[in-house]
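What follows is a set of notes on a single structure, which appears directly below.
Read from first to last, the chains carry the letters A, B, C and D; within each, the first residue is number 1.
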Amino acid sequence: MMGKLLRFSIFGESHGKVVGCLIEGMPPGIRVDTTEIKKDLERRWGIRESSSSRREEDTPEILSGVFRAHTTGAPIAIVLKNRDAKSSYYEEIKYTPRPGHSDYTASVRYFGYNDYRGGGFFSGRLTAAMVVAGYFARKVLEREGVRVRGYIKRIGDIEANVSLENLFSSALLCPDEEAWEKMKRRIEEIRKEGDSIGGIVESVAIGVPAGLGGPFDDDLEGELSRAFFAIHGVKGVEFGAGFRFSVMKGSEANDNLIVRNGKLETNENNMGGILGGISNGMPIVARVVFKPTPSIYKEQKTVDLRRMENVSLKLRGRFDTCIVPKAVVVIESMMAFVLADHLLRRYSYLYFMNDKI
Amino acid sequence: MMGKLLRFSIFGESHGKVVGCLIEGMPPGIRVDTTEIKKDLERRWGIRESSSSRREEDTPEILSGVFRAHTTGAPIAIVLKNRDAKSSYYEEIKYTPRPGHSDYTASVRYFGYNDYRGGGFFSGRLTAAMVVAGYFARKVLEREGVRVRGYIKRIGDIEANVSLENLFSSALLCPDEEAWEKMKRRIEEIRKEGDSIGGIVESVAIGVPAGLGGPFDDDLEGELSRAFFAIHGVKGVEFGAGFRFSVMKGSEANDNLIVRNGKLETNENNMGGILGGISNGMPIVARVVFKPTPSIYKEQKTVDLRRMENVSLKLRGRFDTCIVPKAVVVIESMMAFVLADHLLRRYSYLYFMNDKI
Amino acid sequence: MMGKLLRFSIFGESHGKVVGCLIEGMPPGIRVDTTEIKKDLERRWGIRESSSSRREEDTPEILSGVFRAHTTGAPIAIVLKNRDAKSSYYEEIKYTPRPGHSDYTASVRYFGYNDYRGGGFFSGRLTAAMVVAGYFARKVLEREGVRVRGYIKRIGDIEANVSLENLFSSALLCPDEEAWEKMKRRIEEIRKEGDSIGGIVESVAIGVPAGLGGPFDDDLEGELSRAFFAIHGVKGVEFGAGFRFSVMKGSEANDNLIVRNGKLETNENNMGGILGGISNGMPIVARVVFKPTPSIYKEQKTVDLRRMENVSLKLRGRFDTCIVPKAVVVIESMMAFVLADHLLRRYSYLYFMNDKI
Amino acid sequence: MMGKLLRFSIFGESHGKVVGCLIEGMPPGIRVDTTEIKKDLERRWGIRESSSSRREEDTPEILSGVFRAHTTGAPIAIVLKNRDAKSSYYEEIKYTPRPGHSDYTASVRYFGYNDYRGGGFFSGRLTAAMVVAGYFARKVLEREGVRVRGYIKRIGDIEANVSLENLFSSALLCPDEEAWEKMKRRIEEIRKEGDSIGGIVESVAIGVPAGLGGPFDDDLEGELSRAFFAIHGVKGVEFGAGFRFSVMKGSEANDNLIVRNGKLETNENNMGGILGGISNGMPIVARVVFKPTPSIYKEQKTVDLRRMENVSLKLRGRFDTCIVPKAVVVIESMMAFVLADHLLRRYSYLYFMNDKI
């Protein structure tokens, strides 16, 4: 369960019947349109060429919590049916955990009872359920005028340069078109090598009012990062100047406060919109790094757990060369969810103080 | 409140009576020695020369939960008394929020009622309470043979190179002595400039059994990062190869599994000991970036909130040139806490499965 | 979400597609048999004659978390499909809330967006999802030898007298056969009057080890009562001598401790197996009162919310004359769930202390 | 930790340094007056004659979260210092648990490490911390016009008859003066017998808006009862007609809805102000039963845990003959806390829906 007022859980397995999510604490009266959810889910396809063959045209089935196309306030359960998937292959690798995969750790954690077919509950397929939850979160944010948008910041050594205006006006996964073309070519090269490649997603939220989050356990950066790490493959999260802060001086790093058109802003946004765990009204800027897809065609070493012997492993099947294009909408969804939960928490105090946001 | 079985909260203000922590869910029967806690707290002093003048020889006062020098299992409240601090200065800056500080966001979040003296609840002083909580967490980890140790990985452009053996055998804040000397000189230079500098802490846990953590909301990376971000000044967290993954191929990134002395290990540890949100038995390696101390002597721009006018600000007082040396033990403490909580959660299932760790 | 280590949520509506539950934190490796779940669900039918016509032969559909007939440790989502139900009738009463029902409060709580058909998420139908969750909880308890069994203690003025042996050896909803026959007759009389009647369920857990629960927020009575009140119609909960304690003296109330067959027990069990919020090893005895089914055939007064006018209301349809027979298995399920969660929490500390239960 | 938005924990031991509470999520800007807190604490003294000798004139010490006599929004830690208490006596009974006390269960739960002096964390002394938390909760409720007031409903076989007007205008622990005189005499009789007596507290909240609470885990009755059971000695909780519902017919039990002065109300208030777990705008009426004080002067049987032998026990010291008079303000405090938390949760949705309460 993620969240405090707005909450969600995910369930399902890659080769099981469904993947799905349960959303609790959703405000009532919000119009829900499954074709919109489908559109969000389509953004999870990434790039056709470098994707695994399993392009699932997911039709979300709403099981509860929506009545006459509006949320009722009761728990919302939504499932996406899985297509038939060939599981027999996974029997081969049951005792030879794939390097870089959670095969081994999941087996330890669940004492060997985990559904290992296609990664089971650990499959990237589960991120579809996150996107569904993100749809509802965005609906909460919309009323406040908050918008969340992510893009591919980096694939390998190719980095995009994208302005805020560019980001929110472009439909591309990477609005820096020149970089985007290079990225796609690089992915194609890597695919031909039988290898995979990592990358970075940057996600930005605009229109976030100052005052969301708080110190310690309410820290907005902490909650956002926890949500991002719930996506498998994420190995690092930073806000604003992030790791670049390590080489910066205070005089360079500090965002000076200024009055601009009668509004309090900062000159730069090195802080990524968050100070002291609390939003400051500037765009919230997070960057999330994904490790390369662990599934590659090259021969790798692993261990046969039955005989505790070193063995070689050569994977078959179709894999994503790069998970990053698919991940953009997932990162956006998790960011939207955390912000929506915090917005609702904030509303409580605003109402009490008889204040406006 | 952080944690699920082992939990803690912090309280107190920089210029209030105390800072303290409340720890719940602590197993009973653990020997507690306040001189040991004091030693941990002394590690929070950092480097004398570059520190703020307020070196508090904290004597923890245990208010509850310890009886005859052993934990009872009841909530443990511990306070550290604050020395008299001059608060009058802070009146001057009440309406002119310091750039890079949480002055402005805290004021918005708390509708102007926050205790702004010395940062109040947002002060770095609160990290002392985290160190106290970490003391108890380490006691839980000790029984399992888990050890946690951090060091200064980077100050500005000076990066340390530290081996695992080196780390766990040295008492230095940075066991790479050459780098450490350079770091201290650099901090001194920056101090003379009236500026500040950022840096990176790396923290490592050894002896962590495989199987801690889990997917989604139990994700060990997510929980660790959330705990790290609870420390003000942290702007990024990464595990293993972290952001370097973005330029790596799968064939480089994947840690191959091998049998070494009859034990399952990985050849490298790019994953930083965590896969699928679950520990894999290898050392857990986290890196945390701190932004430069926002308090500097150089003139900065801010806004007078009463008149909504741009004004200049020149801070007086003594500040840390670099917060990173003080932060090492805080990062360790938060890491220890999350691991101890997850260890206790894990024990539940181990007992049920009638298994040994 | 109920529970801490073992947790569950429910979802669905009376006239929606499904009702269901999501169970998280379930230990892996437990054999699951849907025919057993069906059997539990059949116990929810109560007495044929006095039940509403909707006897649903529910076939639980496991959507996730079970692989090869064993729990995997991943979240378990289970749904029960709803049969087609006539909803048109409910349009009539949309603006005339039924006395004693949650129609009005649900409408306020959800700003009029709640699914009012058949009570929606507030329907007694949702208790089926609780029974499903209870099935899994019992599986956890079985390993420890804990058994939970409830019965009808009272219907109107007819009270049953049931011994512990009798309770755990009988298959009747009320093992006091004489009282049971009277109860059924009374229900039939009330049914003919077009009225309804309340009653009491007593639920007992045997084999519960001493040491479950704790003070304050871990209080076993507090957690059990919260779980019972989650069932609509419950208006009171008591343990052991319960409300009778108000007329007892300490010398009568205190259970003296005695050694019996080398084991620590108490002579009586006025405490209902719990002292200081912690189980003492004696049977846990809880009694739960249900108000009469609010749906009756007699004319009642209510308000037309559109015109804010007093109006008369005469309900149509088939209703349960007495909800108590159906509630026995639901109360058992909630009791089993809370105990299973607390047992898992307890295991954590037992493992740490290297102790046996 | 109790609560979701407004939260609190307690700590301390009977013979330790302090008892105290930590309150998180408190709205900022609320005026705090320790003399008011002292007044609440004085209501916990009960009746002088029948009370234990330890009448502690508690002076609450605010450690954090209050600045210039107003809440800041940061965690509020408050302690009450314990007077010196003679603990030597408790050594005698360390291995001979007192019947009806938590001595035995606490020892099992905490593996013998609990502070057994005066009951330690299980002492009634801890209820002072609950009263402190209740003070802050009342401040939240005041803004909404909600008032909470309890009284002694029953001592032994003497039951009071108190109207709503009477309750909120009287300063007596039992506003039915005739019953109150009888109760005091009865307590005095029982005291002379060296015995103790149980009783019932009724607590009422008026001005509670409709719409607080919710189904399942938000159930207002469930949350209130959990809070009440956190007070040791509580063995039963009921709302409205409570256990009397078991002998009622639906036609008697249902509160008909009516329009009164243009407002929606119910004719009776059998439901005690809550339907479907949600407040309906009528007064919330809860009754809580306390078992007789377990400490009596009569000889009792217990077990010497060292030799596992039956032994006799005769307690020395001064005990409360009846805990109920002291409990009134504690029950009020817990009720106020749960309502304040739910009010804040409700505000979130009201703000979102742009609605007024």
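Observations on the structure shown:
Rule of thumb we're sticking to: contacts are C-beta pairs under 8 Å (C-beta built on N, C-alpha and C of every residue); 3 or more make two chains touch, one makes a residue touch a chain.
As the structure is a prediction and not an experimental result, all values here were calculated from the model.
Considering every other chain in turn, the ones in contact with both chain A and chain B prove to be C, D. Both copies, chain A and chain D, contribute mostly matching positions to the interface they share, with over half of the numbers common to the two. At the far end from chain A, in terms of centres built from Cα atoms, lies D.
A straight line joining the Cα centres of chain A and chain C is 38 Å long.
If each chain is reduced to the centroid of its CA atoms, chain A and chain D end up 45 Å from each other. Centroid to centroid, with C-alpha atoms defining each point, chain C and chain D lie 26 Å apart. Shared contact sites, meaning residues of chain B that touch two or more other chains, fall at 1, 9-10, 28-29, 74, 109, 111, 121, 215, 349, 353. Those residues of chain C whose C-beta lies close enough to touch chain A in the complex are 1, 7, 9-13, 16-20, 22, 24, 28-29, 63-65, 67, 70-77, 79, 109-115, 120-121. Contact residues on chain B toward chain C in their complex (touch as defined above): 4-5, 27-29, 74, 140, 143, 215, 344-345, 347-353. Residues of chain B that touch chain A in their complex: 1-2, 9-10, 97, 99-102, 104-106, 108-109, 111, 121-122, 126, 154-157, 190, 193, 195-200, 210-211, 213-217, 219, 221-223, 225-230, 232, 234-243, 245-259, 262, 264, 266-267, 270-272, 274-280, 289-296, 298, 300-303, 305, 308-310, 349, 353, 355.
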